[in-house]
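Structure first, commentary second.
Chains: A, B, C, D, E and F, in written order; residue numbering restarts at 1 for each.
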Amino acid sequence: MEEIKMAEKDMKLIVNGKRLDGRNFDELRKIKMEVNVLERTVGSAYVEWGNNKVLAGVHGPREFHPKFLRDPTKAILTCTYNMAAFSVEDRKRPGPDRRSVEISKVISDALSSVAVLEKYPNTGIDVFVEVLQADAGTRCVSIVAASLALANSGVPMKDLVSACASGKIDGEIVVDLMKEEDNYGECDLPVAISPRKGDVLLLQMDGNLTRDEYTKAYNMAVDGSKKIYEMQKKTLLDSMVNFVEGEQK
Amino acid sequence: MEEIKMAEKDMKLIVNGKRLDGRNFDELRKIKMEVNVLERTVGSAYVEWGNNKVLAGVHGPREFHPKFLRDPTKAILTCTYNMAAFSVEDRKRPGPDRRSVEISKVISDALSSVAVLEKYPNTGIDVFVEVLQADAGTRCVSIVAASLALANSGVPMKDLVSACASGKIDGEIVVDLMKEEDNYGECDLPVAISPRKGDVLLLQMDGNLTRDEYTKAYNMAVDGSKKIYEMQKKTLLDSMVNFVEGEQK
Amino acid sequence: MEEIKMAEKDMKLIVNGKRLDGRNFDELRKIKMEVNVLERTVGSAYVEWGNNKVLAGVHGPREFHPKFLRDPTKAILTCTYNMAAFSVEDRKRPGPDRRSVEISKVISDALSSVAVLEKYPNTGIDVFVEVLQADAGTRCVSIVAASLALANSGVPMKDLVSACASGKIDGEIVVDLMKEEDNYGECDLPVAISPRKGDVLLLQMDGNLTRDEYTKAYNMAVDGSKKIYEMQKKTLLDSMVNFVEGEQK
Amino acid sequence: MNIEEYLRKDYVTSLMREGRRIDNRKLDEFREIKIEKGYSSEKAPGSAFINLGDTKVLVGISMGVGEPYPDRPTSGVMTTNVELRPIASPLFESGPPREKAIEIARVVDRGIRESGAIDLDKLYIEEDKVWIAFIDVHVLDDGGNILDAAGIGAISALLDTRLPKYEDGVVIRGEWEGKLPITCTPVPVTNVKIGSNLVVDPNLDEEYARETQLTVTTTDVINAMQKSGIGVFSSEEVDEAIETSFKKAKEIREIIEG
Amino acid sequence: MNIEEYLRKDYVTSLMREGRRIDNRKLDEFREIKIEKGYSSEKAPGSAFINLGDTKVLVGISMGVGEPYPDRPTSGVMTTNVELRPIASPLFESGPPREKAIEIARVVDRGIRESGAIDLDKLYIEEDKVWIAFIDVHVLDDGGNILDAAGIGAISALLDTRLPKYEDGVVIRGEWEGKLPITCTPVPVTNVKIGSNLVVDPNLDEEYARETQLTVTTTDVINAMQKSGIGVFSSEEVDEAIETSFKKAKEIREIIEG
Amino acid sequence: MNIEEYLRKDYVTSLMREGRRIDNRKLDEFREIKIEKGYSSEKAPGSAFINLGDTKVLVGISMGVGEPYPDRPTSGVMTTNVELRPIASPLFESGPPREKAIEIARVVDRGIRESGAIDLDKLYIEEDKVWIAFIDVHVLDDGGNILDAAGIGAISALLDTRLPKYEDGVVIRGEWEGKLPITCTPVPVTNVKIGSNLVVDPNLDEEYARETQLTVTTTDVINAMQKSGIGVFSSEEVDEAIETSFKKAKEIREIIEG
């Protein structure tokens, strides 16, 4: 259990057409991105998204162990998602639990769908995601950070991975749920896409949505992802500019 | 603890010369056997024995890992005995406990004593036993199922393994204890033999038996095993007939 | 938690200038040493020190696993410190805990500093310490026993390792704390030295000591270690004499 | 992937280019579903043995008494565990649940939990005591699509489940209070992509040829979705999968409830 | 098995053909048994250090307070753990108890439990509180036949055990209520088959040559039996092993109790 | 050690012979220390992000309610855990805390515990209920000397920590009773020996060249010491390290408290 939910089931999540934190239905929380933030990784990124704080870093391509599981046709990309004990209000015991195993898998799957792994046969590429503060939507924040770190590492990618969740609260479809909305809402739909082609790389849902609500929510998540994509591109571009400027100094 | 035992210590287990389920002292519970019941194993068997339901299957001979533990003179046969969480009234936590480790070992030992392992040096033969419903005597049911599955897999065997338990209830020696008899009885003596030569392959006992009671109980268990042997032979024969008939169709 | 400490915080540890067991401030507990006490090790030792009883034994030099961690320039010496479940008043769960992992490491470090490991490249030397009864100061007793066992095994050593703790009780600096002194005292300072050169091989401290108290306590621990060194030498010498005498019989 | 697996995959893919499946099923056709409820009824309050083609899964329900979650003090608790037993495939290893088992368990769990299939509010006993429903999925023969088999088995076993009697702080084994209150029948349908086609209920050969997959669990609404595995869908493909999943779930629901 | 082990095995087997043992013992002769009760008496309520030939085992008893089993609310609890410490043999690895350690622990446990050696009914304290006797077997030097050494050590340590004082919900360490109530002295005797002979108390060389083994634990009746290892016995051999076990157990019991 | 590491080590050592460090610091000079208290303040009662040169460590404090130790029924409890996250170095592996992480955690813990930095007596709530302070050190980028970074981070985070409100047996999340009572500021200083010199705050290159190291944690007295690693100190070197540690701790304490 990530956090204890309070027993107030009839909490109103929409008041006067606005969400609890004053956002419109299609409005994202505040987002800050940065790459190249760690010294010991070949690529790294830091993303603040609402109250979420997530760090991602890449080691590799490097020797894959155990030997007999190596793939002679491509690198094996493994993402490890980890929450700091103090990232949630009720301390999380250190170490992987079932939830983090699942999130690690779906992020690994999404990144592996766009990275050109064929370039590095027999190796392993390890992407580490550290959730330093969690406030709903960590899997989308994590995949965005991981994708930035991977791009920053120089591993060639067919496309970036952008992600955003939508959901249903008080019967309305909204984008990018924060903690209270996630706890008391009726549905969560995280989506990750390769923004240039529009392919779906990650799609999960739990709650309840009619066929029509799904379409609306899906489109809202994709629209959110596209906004994220613009920020990701700018972040990577800025880092290159800084890099060039830094070199000239 | 496999199951919570009720606190009725003075429960009568023999009434008017009959056991609680109406059986005579030397009478086995109802037994049903079948082989070739799974698609992904090289040999398999299913045994219902009273309220026990046990499935056994064999993978291998196949590469043995880790390499440095391989035996260049023969295959290593490993049996893994496992109880489904819901096979007993009080849910059993999934995963091996000390009891199942011990039972796995004694079944491995018994099967290894009759299988011609020298034919497959450097390999491993894995026998899996799944207890789907448990009602006393599972180690005998398991060894009977495992032996059928191994025969069904085509691994050559010097003999089958037949098994049956006897025990003492209300001071009387009886064969094939069911749950209540096992819980409130004074002794349990599971025996596995190679029925043609009469060799003892498995022998365990706990409770209390005088020297004479032991002899009586041992003989009863061997007699039970011999009945089981007849059923095992018939089961294997029927499967071959079916196989031939099936081929002709 | 090694043992439950009683709630008597104002227990007097020094009465009439003497410690609870009648010792002077600079007096060690009774000590008994023996080597060559086990048959399956290449070297072994047994040390009784106050109420502590500790057995040490050495296997190796032998193949080191896993292969990729071998050191082609020297042997890897690993000490494993283990307390028997019944060695303390409140039963300790079997298996390594964080405390024993740390003690294993500091003993490994100390022994590795004097053993001529370069003589055995690619191998492992395993030193096992079994605490059979514990009564404060087990890390010093263990290192003394481990050093004797290593010497007994024939692995060449630049020097022995001698060890002794000092500490502060009722404001006074004393040597070799026993259980009550350790529980209610203000400080514990275990020291291990290579006695011929006087080098510090192990030094840990917890509690509180001023700069001057530290110097006094350190010197007391070194003096204790030197007494231990004399006993260690005598023990090894006696064992050689016995060995020669035994051969002549 | 060894050479045999590669050839199978190749064969499945080339057939699929002509719109054909290796066992001649239609693209949206399931294999035969056989459900034996009460398989372990002598010990387990609820159970169901599922044959989905030659995939075999046994699901058992255990009912225990424990503490509620602090945030829902009057609601029962459910938990789902999947064991990919090594007997089921030479490719499964012994040991603790791994990535794949955990993912299947969590997808099955979400379908049941989010649809409110178990009326957890009716599982309150007394202060700090509620019923815990343990859903244990035991995979015995992996002929492909174990996720759907597990999901079908779980809700079938729940529909079979009796609530034990509870008196004076003790569970009375073998005596029953009534049925476990079940409100609806969520059904997961897994759609796999092979070339440019989507098919349901892949057999083992089709799983080798699978590019990626999407599971959609529905009642009268969507309750859970999970894209799984490397590979991509277009949003049109996702829409198609949702349509198919609603349709097939309806058919399967009749088998489960029937 | 390396070449040295093979040669030892061969030598033991060929000697045995002439009815001789490598250390000249009679077939039913144990090595010298030395028992030091109270070895860890400063900390442990009961203990015994066993030398069986050059096999060394230390057994310690800890007494804790805990809950009874629900089905026996007024009986104490016992539990047996065996640690094959790596110091005891270059062949033992570090780590959690393995197959062999578990089997030994369970056979030792059954002998004590089934004979009723510990009068568990006298270990009741108050509602939901009973004494738990932890039997911890620490194997320190494996010169063969550690099972019998463990079993002899366990009952010796139990006979040495004092029951701690318990007042106002607290165990008073270092003060004692009396002795742990022990009713009888079960003794395991392990019979190994080498060629056509049965011998007791195998040393390490004989264990290499062993075909299979049978342990019989007796008081005035048989309380536990365990055939262990690959290989077979005839029923006559089993009978012989039982006879021998009764006889040797009687002799050993005198040493333990004496 | 690969060839690159060997060359670095060699370079560091040869510079040191001239009394120089690879980054031109004085022997007793720390790298720049940046402390951001309250980094995770939206969720954690206390936290601090530490940059020690390019070493990065985040420490978070969680406050839970639990049982006191039986021997100190009216005192709160503290516990320290260090996670060497694999993101921090290609040399760290995933998995449970290992030798190195445990040693660091225990040295950090001892400094805080033995100095009485947390006034545990003020963390009593009611019978059998006390506050537990969990100190979780998350190592994110290992540029050398993570022990000192962890220790500085731990006490900084404790100084940042608020005590949650506790009413009617429930912790009120997001409401605070006041600050966690902290009495002093223990600071660990790690001295490493390279050739015949002692230096503080080694960077990664200097750690390759390190012969052995001594950590001294001080307040106005010495509270903890730990020699770590193969290699030896003379007693004079130990004395020098203690002097240096007192001096540097004083400077660092001002940064922490400032």
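Definition applied: contacts are C-beta pairs under 8 Å (C-beta built on N, C-alpha and C of every residue); 3 or more make two chains touch, one makes a residue touch a chain.
This is a predicted model, so every value here is computed, not measured.
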Which option, C-F, B-D or A-D, should count as the same interface as C-E once over half of the contact pairs match?
B-D
What is the chain whose Cα centre is as far as it gets from that of chain E?
A
Using only Cα atoms to place each chain's centre, name the chain farthest from chain B.
F
Express in whole angstrom the distance between the two chain centres, defined as the mean CA positions of chain A and chain F.
31
Per the C-alpha centroid definition, the whole-Å distance linking chain A and chain B comes out as 51
Intercentroid distance (Cα basis), chain F paired with chain B, Å:
57
Multi-chain contact sites of chain F, meaning residues that touch two or more partners:
97
Mind pulling the residue numbers of chain A that touch at least two other chains?
4
Counting only chain pairs that touch, give me the topology of the graph as line, ring, star, complete or other.
ring
Round the ring starting with chain A, chain F following: which chains, in what order?
A, F, C, E, B, D
Under the definition above, what is the set of chain D residues touching chain B in their complex?
39-40, 42-44, 47, 54, 56, 58, 60-62, 64, 81, 83, 85-90, 94, 96-97, 134, 136, 138, 140-143, 173-174
Along chain F, where are the residues that touch chain C in the complex?
69-73, 97, 99, 102-103, 105-106, 110, 113-115, 212, 214, 219, 221-235, 237-239, 242, 246
Seen from chain C, its contact residues with chain F in the complex are 1, 4-7, 98-99, 101-102, 104-106, 109, 112-113, 189, 194, 197-211, 214-215, 218, 222
As the complex stands, chain A meets chain F at residues 4, 38-41, 44, 51, 53, 55-57, 59, 62, 80, 82, 84-91, 94-95, 126, 128, 130, 132-135
